[in-house]
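Every chain is named by a letter (A, B, C and D) in the order it is written, and numbering of its residues begins at 1.
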Amino acid sequence: MSCSFGSKFKITVFGQSHSAAIGVVIEGVPAGIRLDMAAIETFMRRRAPGQGAHTTARKETDTPQLISGVANGFTCGTPLCAVIENTNAHSGDYDSLKDLPRPGHADFTAFVKGGGFADMRGGGNFSGRMTAPLCFAGAVAKQLLAADGITVGAHIARLAKIGDDPFDPVNIDAAALNAVSEKAFPVLNDVAGNAMLAAIAEAKAAGDSVGGVIECAAVGVPAGLGDPIYDGVENVISHIVFGIPAVKGIEFGSGFAGADLFGSENNDAFTVQNGKIVTAANHHGGSLGGITSGMPILFRAAIKPTPSIAKPQTTVNLQTLQQETITVGGRHDPCIVPRAVPCMEAAMAVALMNLR
Amino acid sequence: MSCSFGSKFKITVFGQSHSAAIGVVIEGVPAGIRLDMAAIETFMRRRAPGQGAHTTARKETDTPQLISGVANGFTCGTPLCAVIENTNAHSGDYDSLKDLPRPGHADFTAFVKGGGFADMRGGGNFSGRMTAPLCFAGAVAKQLLAADGITVGAHIARLAKIGDDPFDPVNIDAAALNAVSEKAFPVLNDVAGNAMLAAIAEAKAAGDSVGGVIECAAVGVPAGLGDPIYDGVENVISHIVFGIPAVKGIEFGSGFAGADLFGSENNDAFTVQNGKIVTAANHHGGSLGGITSGMPILFRAAIKPTPSIAKPQTTVNLQTLQQETITVGGRHDPCIVPRAVPCMEAAMAVALMNLR
Amino acid sequence: MSCSFGSKFKITVFGQSHSAAIGVVIEGVPAGIRLDMAAIETFMRRRAPGQGAHTTARKETDTPQLISGVANGFTCGTPLCAVIENTNAHSGDYDSLKDLPRPGHADFTAFVKGGGFADMRGGGNFSGRMTAPLCFAGAVAKQLLAADGITVGAHIARLAKIGDDPFDPVNIDAAALNAVSEKAFPVLNDVAGNAMLAAIAEAKAAGDSVGGVIECAAVGVPAGLGDPIYDGVENVISHIVFGIPAVKGIEFGSGFAGADLFGSENNDAFTVQNGKIVTAANHHGGSLGGITSGMPILFRAAIKPTPSIAKPQTTVNLQTLQQETITVGGRHDPCIVPRAVPCMEAAMAVALMNLR
Amino acid sequence: MSCSFGSKFKITVFGQSHSAAIGVVIEGVPAGIRLDMAAIETFMRRRAPGQGAHTTARKETDTPQLISGVANGFTCGTPLCAVIENTNAHSGDYDSLKDLPRPGHADFTAFVKGGGFADMRGGGNFSGRMTAPLCFAGAVAKQLLAADGITVGAHIARLAKIGDDPFDPVNIDAAALNAVSEKAFPVLNDVAGNAMLAAIAEAKAAGDSVGGVIECAAVGVPAGLGDPIYDGVENVISHIVFGIPAVKGIEFGSGFAGADLFGSENNDAFTVQNGKIVTAANHHGGSLGGITSGMPILFRAAIKPTPSIAKPQTTVNLQTLQQETITVGGRHDPCIVPRAVPCMEAAMAVALMNLR
C-alpha cells in the first residue's frame, strides 16, 4: 500500500494536490501526551510555500485540523487524524497539460499506471504538497523523541554545486542542531548560504531550476535500536526518505566517499567517553549492522532540480504520440531544497519512532 | 520484523553464520513453475566464497536443499523453503574476540541490543553469509522475471577508486547484461578490472581492505509498476539493498551527480521509439514518481571496505571498559564487492517481484 | 495496529464517539470507478441511529464527506478519505460515569490500557459509532463487488430467542438478498420480525436489552479465492467481524451444529450444475480449506445484548475501589442487532475485497 | 500471505504433508531464553499421530530440529527455524484420488486455485499435519508466557453430542488447567470421556467420523492487552484458530448462548477481590472491547467431523465432469478433536504473544 509507512508509529497519508483536503492518520501515538500544537504549526510553516523569493507563489496557511486522537488536551491512545485544507488550488493551470507529460514529473508514469484516471492537477498524489501531512507526523514524532532526549535536525549541505560546512559527525550539539534547523535559510555557513540564494535567483531568472543535498542528523539516540538485515536503521530511513518527491539518492556516514577508503581508514575505533563506549570517528553514521551505536545518525539525501521549469521542453502528446514543445506555466519553486529540509527531519523522526 | 521483506513475494531468512544451517522461506511463488535448480545453483556459486584470490578461504558448497513448495517438478503454490547447511564453521576463531568488538562490525551494537546473548560467531545474523538465502530467493525471482522478459544484471562500477565503464543508461542490452554478470570478475572494461584485482591484492598484502560501488540494472520492465509515496521503486529497492551488509549508500539514475545539474539538464525529454513513449536520456533511472517508466531501472550502491582487516585496531573491552588493540584473524575477504554483485541482482529481482 | 484492516483493500478508521469527526482512509481502490455516492449514503442510513422505536434517540445525519481519492467524478487511484462529523455528541451524559466502569462495556479495560487517558465519552473508540466508517468502506466494497457479480446481504437470524427463517444455503438469490437487506427490519419472516420488535419493546420497557444472531451471505463469489492456513475465508472474515462491537461468536456453514454431525452427514457431495462443479448441500459455508468453493459464503455472528441498560448495576469506583450501584442514563439502543446488519455486510464486503 | 501469522511474535509455516519436511520460522523470540526442548517435544507428542485407537495409523516421531536462533543454549535474538521431517508419507495412497475431489476436503478448491498444480498428496498444505509447526511455535510461546505467570490449557468440551463439564469461567486454576491438558484424553469428566471414546470407536466401525467442540482457556493474563477494533483479543485469536483445519466456529465467553440473554443477565458486575477489580461472572470471556480484563480468556471452537470417511461418497471427476462414487482409503482419524486440543492451546499462546 503506497500511502502507509511504519508499524509501531504508522502513518497513512491521503489526498491530492487539488482534492478538498489532504491529511494523515497516525497510529501508535501513546495515550497521555500533551501535544504542543503551536510547535507543530511552527514546524509545518518551515515547509509551507510562499515564504521567500526562492519558493512558489502558491500560498496556503497549511493549518492542520486535528479531528481525532485527543481528548481533554491529551492524546487518548486512538489514531490522530489531521486534515489540511487545500485552499489555493488553481486547477485550471494544469488543464492545458493534460495530454502533455512534463519531463521529470510523474505525469507519464501516473498516466500509464492509472489508465488515464490519475488526478494530476498540481501533481496530484505525487505533489510535494503531500509532504505537509508527513511534516505533521514528523512534528508529532519530534515531540515524542524530544521527551526522550533525542533531537533531529538538518541543513542544506550543497546547492547548485555550492557546499555548506558539514555537521561535526562526532560532536553535534542538540542546541546547535535546533538552531540551524530553525533558520530561515538553514545552512551552517551563511556566506555559502548567500551564494546559494544567489544561485537560486539566477536559475529562476533563466527559467531554470537547481537541486542539492540535505544532511540530516539525529543525536541522543540510544545504542541498540533497529534490527539486523531488513529492519535496520538504513532500511527504514531510506524507505521513508524516498517517499519525499525528488529524492534520488541517500548515503549514511561516509557513504559513497567511504567506498573509496581503505578499511583501516573507514573503520571507527572504539573508545570510552564518560564511561560510555563510543567511536572516535563516525564513518558509520550511527549504524553498525543496522543497529544504532549511540553515535549521531547521519545521512545525506540528493534532491534533483525541480522538474518544473519555464524553459521550453520536448514531450510527446499522450493521445497523438506526436512530439510537442511545452512550457510549464503555473507557480513553482526554482529550488525545493530549502523546503525539503523539514521534510527530511520529519522522515528521520518518523523512522526513529518505528525503530524504537 | 527484521528478517522478512516484501508482501507479494515475501522472503523470510533465518540462521546465523555458525548455526546448523541458514535458509529462506519464500511466500508468493505462483503454482505451476518448473524451477531450474541448476541455474539457481550457478547463480549462488557467484556469491559463494573461496573462488578467487580476492575472496575468503572459507569454503562452502552452499548447495540449497529445497524442502517444500515443489511437487512433481513444479511449484505447487505453497511457500518454498530452502536450507543451506553451514559446513565450514570455525567457531573457535571468534572466541578470543568475544569481549572485543571489532571496529566497523556489528559486534558492539548486537551486544547492546541482545544483552550479550547475540550469537556473534562468524558475524552471526549480521554475516555476509546471510546473503546466501537472499541469493536463493533472487535466483528464483530472476527466473520468474525472465519469463516476462525482464533481465537483471550488475557490475563493479568502481573499486579502490578505479572506475569501470558505466552501463549505457538508455540502451542496455539484456544479453550484454547477462554476459557481464556471469564473468568471473564482473566488469565491462577488463583493463579496469585487472587494475581492480591488483588493488585488491595490494590491500590484502598490506593487511587492509577496499570497498567500491556496484551498478545494477533491470531492463524489459514495463511502465506503470510501483506506487507513489511509500511503495515506489526507490523505496522498495533501497529497503532491501540496505539489507546487504556493508552497503552505506544508494542512488538512482543521475543520483548525487544529478543534484548538481540544472533542471533543464536533468529532465529527460520524452520521445517516441517504435511507437512507444520513451525518454531520450535516463537521468531518472527508470522511475518517475516512484513508478517505472519502462526505461532501464538503474541504481548504484556504495559498499564500504571490508571491516575485517589484519592490521591492529583499537577497541574497548566490553567487560573491563579498557582500551585494547586487536588484530582480527580468521578468514575474510580483502574486498567483498565482487561477491556483492549477485546480491545486488538478487535484491533488485526480489524488489521487482514485490512491485509488480 | 488496532485501527487498520486488510492489505489489498486496506481500511484505517479513526475518531472517537465525541471527537470532532470520525472517518476512514481506504487504500487499494482502483482508478476509474464512478462511485455511486447516493447508494453509499442509503447504505449508511441503514446503520444510522434514530430510525425506529428500537434504536437510540441520538440523531446524526452521518453524511460522509469524501475529501480525497476522486477527481472528475472517478476514483483516481489514491486513497479515499471519508470524514463524518460528530454533530450530536452529548458529552455531559458521560461525566458522571467517569470513575464508574459500566458492566459489559470497555470502560474498565480501556482505563487500564490507557492509564486513564482513554476518551470514553460516548464509548470513545469502542463505540458502535465507529462502525459508521466501516459501513462507508463496506458500501464502496459492495459497489466494486457488484461490478463483478458478487452480492452481499444479511438478515436477523435470531433475536431474543425468536428465530427468523434461514437463508437457503444452496440457492440464495442475489435479488432476494438485496430485498431482505433493504427492509426496514431485515428478516425473511415478518411474523417472526414482529415478534422480535415486540420483544425489543418489552425489554426497553423493562430497562433491559436483548441480543441476537445475524446471518450474512455472499453469492456470486468465484471458486478459488483465499489462501490456506492463515489467510483463508474464515480467518479474514472472522478477524474483521470481531471488529464490530458486541460480536462474541462466529460460525461458518453448519458451524457449531455441524460439530454434532457425522462426517457422512456434514460432508457436501459434489455434483454438476450447468456444467459447473457445485456441492449438493452447503454445510461448508462456501469455504473448503479456507478457499472459496463457488457456493454461497455463509456465516452467523452472535451479538451480545446491549450492555447499556437502565436497570441498576453493580460496579467498582476506579478511584476508591468501593462498590457502587449505577444506572446508565443517556441514549442507547435496547437492541443493536438491527443496526448491526449492514455492519456485517460491510465486514463481509471488505473481507472479500481482501481475499480477491 | 497465507502462511504467516502475527507481528510481534511472527510465525511462518512451510511444507506439505508429503514434502521432504515441514517447519516454522519464528521471529520475535527475545534473546537470552533457555528453551526447554524436552517440554517442547512432550507438547508436540500430544498432537502427533498414532497414539491411541482414536487416531490415524500414520506414525511420525515429529521430532523438531532447531536449525537456527539458539547459541550456547540460549536464544540469540534471531529467528528460530524448526524443521520436522516427513518420514512416513505414503504418497501412493492418494494417486487414485487425483481427479476425484474428496467431499469436505480442500481438494476441489485447491485444484481451482492452483490450476491443478497444488500438491494434494496427504492433504498437502491443507493437511492437519501443518499444525505440527504451529504446535512447535505454541510450545515456545507457552514457555515465554509461563515465565510471566500465564497458563494456557484446553479440553474436549463436546464430542459426538456428549458434553464434558465446562471450565469454571471465574476460578480456573493454572495447575488444574495443566493437569487436564496433559491427560491422554483431555476431559474434565472421565465418564463423559469414556462415552466419547466409545462414540469414536462406533463411528470408526461404521466407516464414519465425528466432530466436537474444544474449550480453551488462558489464566494469569494481565488486564490491558489487545487493541480496540481490529487488533483485539477476539480478532487475533479467531484469525489464528481458523488456521487449524476443520474449525468452523468460535465463540468467546457466553458466545452464542449469550445472544439469548438479557443485558441484565449477560453483563458482568464488577467487584473487588484481593484489592483488584474483577468481575463476578465471566460472560465476557476475559475480553471487553477487545482488551483483556484480567479474567480468564475463554473460547470454544467447533471442529467439524473428519471429512475422510470410509463410506462411499459422491463426487465429480475433475477431468470428465462425470459423477463418481469414491471410498477414501488411506490412514485417517475417525475424530481429530483430541489431537486438535494442543493445537488450540498453541493458537491461543501464539495469539497472546502477539497481543502483549
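Following the convention adopted for this analysis, contacts are C-beta pairs under 8 Å (C-beta built on N, C-alpha and C of every residue); 3 or more make two chains touch, one makes a residue touch a chain.
Predicted model, so just to flag it, every value in this text is computed and none were measured.
In the chain contact graph, what is the shortest path length, in steps, from subunit B to subunit D?
Minimum step count, subunit B to subunit D: 1.
Counting C-beta pairs in contact, which comes out ahead: A-B or B-C?
If we tally the contacting C-beta pairs, A-B comes out ahead.
For subunit A versus subunit B, what separation do you get between their C-alpha means, in angstrom?
For subunit A versus subunit B, the centre distance works out to 27 Å.
Using mean CA coordinates as chain centres, what's the subunit B-subunit C distance in Å?
From the centre of subunit B to the centre of subunit C is 47 Å.
Centroid of subunit A to centroid of subunit C, CA atoms only: how many Å?
40
Note the residues in subunit D that touch 2 or more other chains, in rising order.
Touching at least two other chains: 1-4, 7, 13, 78, 110, 113, 125, 228.
Show which residues of subunit C lie in contact with subunit A when the two form their complex.
So the residues of subunit C touching subunit A come out as 1-4, 7, 10, 12-16, 18-23, 25, 27-28, 31-32, 65-72, 74-81, 83, 110, 113-119, 121, 124-125.
State the interface residues of subunit D toward subunit C in the complex, per the touch definition above.
Listed in rising order, the residues are 1-5, 13, 101, 103-106, 108-110, 112-113, 125-126, 130, 158, 160-161, 203, 208-213, 223-232, 234-236, 238-240, 242-243, 245, 247-256, 258-272, 275, 277, 279-280, 283-285, 287-294, 302-309, 311, 313-316, 318, 321, 323.
Within the complex, which stretch of subunit B touches subunit C?
Subunit B reaches subunit C through residues 7, 78, 228.
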